[in-house]
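Following are the structures in question.
Below are two complexes that have chain A in common, paired first with chain B and then with chain C.
Moving on, here comes the complex of A and B:
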């Protein structure tokens, strides 16, 4: 396996770093404080082709491939986790339409999504034990012209800012998740109500809210993929998103360990920079190692996605690895920066709050280990 | 069955009630604003809880170390920021307890009977883990000492009535030139600098203290000149388990939240799967082991036995457990946690590994103790036996 980036991938990475330095570094702290959606930056992202990276050229995308995409996500995350989160959630919605949409659907949504005129959202989670089960489950009832949606989706990112959502609903409450079906729902559809923006620990600026669907009437053409194909689509889309999310974790962790290493060189205690102490070296070295190994793992998964090969097990391994070790990257780098670093005037507290949002197990009872264990051969 | 006495159980119950009534309903508000909860001191007046470590002869509640840990665990459960306010006040009075004269004790403990707080000023910008590197000075002039310098990250600093401040009476003597002083709030030249906005424990007040030609009566010297570092170390031995207690409270809180979440998320399903169940079991193992380790150190202290190593162990283990359990709760509960108080528990836990001696400093203490006692050689056994 070749982990070297091609020249093109390196160029895209460099442009993401340049972009992040110019557009994200100046706003990251303010965004974290206000939590306001960074509209101007999202427009700038679109202008630089970062919102259509994976989309093919015929809809105005950059057709850059998944390896380049995760490189971009890592670089954006180094400077601002929230913006990377907005991009990732938008991209997974676009990816789903690109992969399962009809020619009509692609034509209708993807050019506007690539241009950033239309932001995407991905609505899968519910308050019950799994989508399609429980009293808040989103139910799609067949009716003469198409479907009617009733129920709720929880923790929808980009909620309120997205113009279009990929939404998963069950067409048969008795069958629950087995009858999960994907739909494309426009934010402007009658009966779509975005709840109040929820306060999050970090990644502030990437809005999170519940969406209520009240007799939302959809035409047959809103169906994404085939009837009851939702669970399959969701599993694949979430696995793809988890690889990009791993790149968020690694980007934040890498930025933190670089900051902590620099801090350790200039912080003098006991007459020497603390960087010479073995205890500090161990903390830094473990984080740097975890970042490096996670990056190799996620690039491997990205390459498989790019080549159209099965990637789900590798993606689950990266997720499993980072659920264990992602938050530790900031727990340990904060330790290096001690009392100074605990102040919100320093950058690590923001990263500590952000990284926790990139290693959440949002599909309860569906741990990544299950898939990994089933595929050991 | 409990190993606690009926008195301890009653005190624990009272603490739980106070926390449920006063602390928990206000925790999010002060975490958000970062303001100091003066209402907490108001509410605590009736109970004298800020004088729980004050001996009976000075009018205090005279709780033993284990009982103090029980109370602090409850406060940590409710809000580790407010718990830190209580812990830091006791930290400062511990210095007076170990080194103060009768008159100094009377004067220092009196405000605490009325829910006023104390503050402990050792750390300086250049002297964190390296506490001996402080630069603040105290120069004897007649019947007074003149103090100059800057202290930083001082908990309770902006709201305390009384302070224990460390400064060099003999800069040339290094560690042996440090002395401890009692200061009252409002002395001319003794002012409060910037307030820190922190990742966590935001309800607790953390400030810079500025000393500019502050005149302190010589009668406010704690112990003798040059005994400052010894006093600081003895104080920290006593006070570190308070951090352990807050940490146990934090971990228990996160575990409780997780269990409650599993019940709502999987209604009517008592066993949601081994992966999740075993993670909960691991959290429970850690919380219980942490609590037991803390109580063991407290029993040693109450028995008058040496407990420096155990104090360091319980501070390190309990704070590491709090960090790990809160972080696990975050991952397990996913977006529910990310939009809830769990984030606060994680943020609060992080400082427990840092302050009152980082866990790296504790490991130095513990490793020294371990290496000081090599095990006796074991006689070689014959092969096959």
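Moving on, here comes the complex of A and C:
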């Protein structure tokens, strides 16, 4: 197995790093403090083709492949996890339309999504235990010319800024999630109401809100994939998204360990830099190793996605690995920086909040460990 | 509509270079390559000129075999074609050798209205390529350029000097060397990166440049490159009263010429 990046992938990574340094580094602290949506930066992302990275050339995308995509997400996350989340949620919506949409749907939405004229959102979660279950479940009722949506979706990211949402609703309340069906819903549709922006622990700047659907009338052409195929679509799309989220976790962890290592070299205690102390070296070495191994795992999963091979088990392994070790990376790097690292004047508290967002949210439909255990030969 | 050529150098990224503590020698084993910083400004300026007035931009580089790694990077930044010379002589080439090789190549692929270089390279910063190149090609040279425009065959430039600014005009063809504040090099978009492999590149064999072997021998030989470590004097005044310490400190700083 070759983990080396091609020349193009390396150059794309370099472009992402240069972009992040120029556009994200100056705003990261401000976003964390205000939670304001970074509209100008999103437009700049579109100009540099990051919003159409995965989409094919015939709809205006860059067709750069999934390995490049995780490189980009990691590099953006090193400077600002929230912006990487905006890109990731847009991309998973575009990915879903690209993979399950009709030719007309692709033609209608993807060119504008590739250009960044239309931001995407992915509305899967509900307040109940699973989509299609509970009193707020989003229900799609068949009518003469299509469907009518009623209910709510929770924790929708890019909410309020997206122009189009991939929305999952059950067509049979009795069957719940088994009758989950995907639809493409325009934000401008009558009856779509985006709630108040929710305050989140981290990844501030990537808007999160509940969306209420009140008698939203959809034409038959809004159906994405086939009737009751929603669970399958959501599982695949979320598994893909989880690999990109792993790249977010690695990017934030890498930024944290580099900051801690630089701090340790200049922080003098007992007459010498703390970087020479074995206890500090152990903490730094363990975090750097975790980042490196996770990066190899996610590149492996990304390559499988790019090659159209089964990837869900490998994606689950990366997710499981980082759910355990992501937050620990920040605990350990904060430990290296001691009281200063705990201070809000330093970047680690922001990274701590952000890395929690990348590991706590959007898990695959089931515990990743269940999938991994079931596939041990 | 000017026909521009940008000469660039493929250098090691100084951020990746480590200094070995035992002998201060450089560890470049994990250092990646990059287009020299000022040369990126030169490429960007040429692209800005042709975007405004039309024309064409080619690029030219001379280096060791590693120079091949630079081609897609260079092309993603806008030039339509890149010419490259990969030869072992580049390993120890000084400004004299580099300029002779580049000049011979330009005679072969030219003529060009504007030949742009960075003011100096990221690694050695000898600041010799542009002026030597101009001399060899018998062209005017305008250095330290922080602003540039072209109207017909007249090139107008602002030179940023140590304590003054100089506005000059010159009839092309001309060799220009640019400073880093002339522009902010753009970040290549993903389509520009992926489109680079579709643009042409052409190798120029050094044997085809009709340079005698002795022309490829450096006149200035670099014996070694070592890191620099600031030696601190660690003088601490702590024996007497505070006022005395301050007086001694002031005297010491005055002796050192620091105040």
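The rule is simple: the second predicted complex is superposed on the first by the 372 of 377 C-alpha atoms of A that agree within 3 Å, B and C clash if a C-alpha of one lies under 4 Å from a C-alpha of the other, contacts with A are read in each partner's own complex, and residues count from 1 in each chain.
Here is the rule we use: a residue touches a chain if its C-beta (ideal position, glycine included) is under 8 Å from a C-beta of that chain, and two chains touch if they have at least 3 such contacts.
The model shown is predicted, which means the values in this text are computed figures rather than measured ones.
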Problem - Touched partner set for A:331, first chain B, second chain C, both or neither - result: first
Exercise for the section: Could you say whether A:8 touches chain B, chain C, both of them, or neither, answering first, second, both or neither? Expected result: second
Exercise for the section: Applying the touch criterion given at the start, work out whether A:201 contacts chain B, chain C, both or neither, answering first, second, both or neither. Expected result: first
Problem - Partner chain in contact with A:50 - chain B first, chain C second, else both or neither - result: second
Exercise for the section: Mind working out whether A:129 is in touch with chain B, chain C, both or neither, as first, second, both or neither? Expected result: first
Exercise for the section: Look at A:343 in the shared chain and tell me whether it touches chain B only, chain C only, both, or neither; answer first, second, both or neither. Expected result: first
Exercise for the section: Once the structures are superposed on A, label A:367 by its partner contacts, choosing first (chain B), second (chain C), both or neither. Expected result: first
Problem - Partner with the higher number of touched chain A residues, chain C or chain B - result: B
Exercise for the section: Pick one for A:359: touches chain B only (first), chain C only (second), both, or neither. Expected result: first
Practice task
Within their complex, state which residues of chain B touch chain A.
Solution key: 123, 126-130, 133, 152-153, 196-200, 265-266, 269, 272-273, 275-276, 323, 327, 330-332, 334-339, 342-343, 346-347, 350-351, 353-355, 358-360, 363
Problem - Complex contacts: residues of chain C adjacent to chain A - result: 69, 72-73, 76, 187-191, 193-194, 196-197
Fill in the blank from the handout: Within their complex, chain A touches chain C through residues 7-8, 11-12, 14-15, 18-19, 22, 47-50, 53, 62-64, 68
Problem - chain A to chain B touching residues, read off their complex - result: 125, 127-129, 154-155, 198-202, 208, 268-271, 274, 277, 279-280, 323, 327-328, 331, 334-335, 338-340, 342-345, 349, 352-353, 356-357, 359-365, 367, 369-370
